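I have a structure I would like to understand better, so I am pasting it below and will then ask my questions one at a time.
Labels run A, B and C following the written order; every chain starts at residue 1.
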Amino acid sequence: MGFRLTPQETSFYDLFAQQASHIVDGAKELTALLGVAPTEREAVAQRMRDLEHAADEATHEIMRKVNSSFITPFDREDIYGLAANLDDCMDLMEAAVDLIVLYRIGELPSGIAAQVEVLARMSELTAEAMPRLRSMSDLQEYWIEINRLENQADQVYRRLLAELFNNGADAITVLKLKEVIDELEAAADAFEKVAHAVESIAVKES
Amino acid sequence: MGFRLTPQETSFYDLFAQQASHIVDGAKELTALLGVAPTEREAVAQRMRDLEHAADEATHEIMRKVNSSFITPFDREDIYGLAANLDDCMDLMEAAVDLIVLYRIGELPSGIAAQVEVLARMSELTAEAMPRLRSMSDLQEYWIEINRLENQADQVYRRLLAELFNNGADAITVLKLKEVIDELEAAADAFEKVAHAVESIAVKES
Amino acid sequence: MGFRLTPQETSFYDLFAQQASHIVDGAKELTALLGVAPTEREAVAQRMRDLEHAADEATHEIMRKVNSSFITPFDREDIYGLAANLDDCMDLMEAAVDLIVLYRIGELPSGIAAQVEVLARMSELTAEAMPRLRSMSDLQEYWIEINRLENQADQVYRRLLAELFNNGADAITVLKLKEVIDELEAAADAFEKVAHAVESIAVKES
């Protein structure tokens, strides 16, 4: 009769995959928000909040599992850190959506679409990478591509701010938009932190 | 004749408790600031600076102790991280007080009181939790409650900014107040980082 | 016949020294920028970008080396963290230079020179400390001095913002300058994080 020595390891990967899949859905809602009229935004924001709660649940499930598992597939602190970083990606995208509604922002500058496009790509790459944690294979291309996208996000971010500051909008409008743009930039940074966490785990395990 | 194997362990807990007690006092000064006239603020700011120096001393004492102790009650890096996170709580509350004086801010929006109330509660919970590090018991309720308060702080923060942006104040006044509000929000985040540090220590030790 | 057990250790120190020397050069370009006419700034920004790329290369070289080395002079994660923190110092100084050009900022407030002076000093101290990682000697004075300089940078930063907010400039100009000043302040924080990383390595190794 066979038995599995570490049956509980399996679902850490599943939980990370689940967290990442909520993030992909969140990036889709964020993309959707850019295409709807301001009056339709609250409905998107509500779906975004629901996704954020679901992601929160997945995060807490991982935390509980770390606390109660005797054996974990990699260091407890690293599981912790990775889950927390993934959670940040979701929180920051949700914050951007919430602020757009809360600040009653009218038209969004077109440059925001470029930011969101990078985030959508980052979320897909992240979701594709999570199952590969199991074998620790083909992860390098993932983190290299995330780093590249994060550099691109930085470029987009700076150009967007330069445009915003120089286009003659009133200062309060500029301040509101800057808050939103900053949250999106922070989300790109958070995806890079996820990639760093994965890289650091892979380095340790190799 | 009995002897204690690790006599030096005692005072790490004492030092953390001391750091946290300065933070409780700091939160009290911050609360006091909201109730005094602008001309009385400098006196509060001076007391706040004194508390910040005292907390700094406690932090450095912990750092020195880590460097010179042969045995520590938990990982050196974790002691380090916890002390640094506690120090941040104090620094950020002190920064908020300093900026209010430095920017010669007049009336403070009432929403700031809600932010400060959450910080005062967080500081008390943190101070109550520090002695429990010794037995690593009853800590979970502490970090769960801190997480809840941090979510509440986030809500207060966003509503406060939305109000600030939409109330017709001039942009420079908005910018000044935003700096103060941001420091207070960062202080709430710092308390959450303390709770995460405690959680991570508890996970390792369990 | 003799042999070296860990020949690869040597060049981690060399690579850190190389990273730090790019940062010293970066701080020099940043200083130079303050002395040239706005029309000459783009040339400085180009040199800064080149330095940033060179520093990036050194960072990636360290990362690759960590991944491929069997033995490392200290913990892999710590090498990682130190390299990443050094990279941040450069990135943030480069960002400040880029924003000055991108936002088409006219005259720079004189207080910025005080910020840059502190950064130049921090970069020199950091470059001087890197070779001492090999023997782990005389590092304490380095991190104490960096902490002192970071406190000084904080003071300069707050006074500079207070001045900026109260000098009657229009809000958009204030916003642009604040972005630059914030990047420089973040660079000072990044130098402190480098010092913390060194301190934490020294504590572990001692």
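Following the convention adopted for this analysis, contacts are C-beta pairs under 8 Å (C-beta built on N, C-alpha and C of every residue); 3 or more make two chains touch, one makes a residue touch a chain.
Here the structure is a predicted model, which is why all the values come from computation and not from measurement.
Residues touching across the chain A-chain C interface largely differ between the two copies, under half of the numbers being common to both. Superposing the C-alpha atoms of chain A onto those of chain B requires a rotation of 120 degrees, given to the nearest 5. Mean C-alpha positions place chain A and chain C at a centre distance of 27 Å.
Residue positions of chain B touching 2 or more other chains, listed in rising order: 171, 175. Here chain B touches chain C in the complex through residues 66-67, 76-77, 80, 84, 95, 98-99, 102-104, 170-172, 175-176, 179, going by the rule given at the top. Every residue of chain A that touches chain C in the complex is listed here, in rising order: 158-159, 161-162, 165-166, 171, 174-175, 178, 196, 199-200, 203-204, 206.
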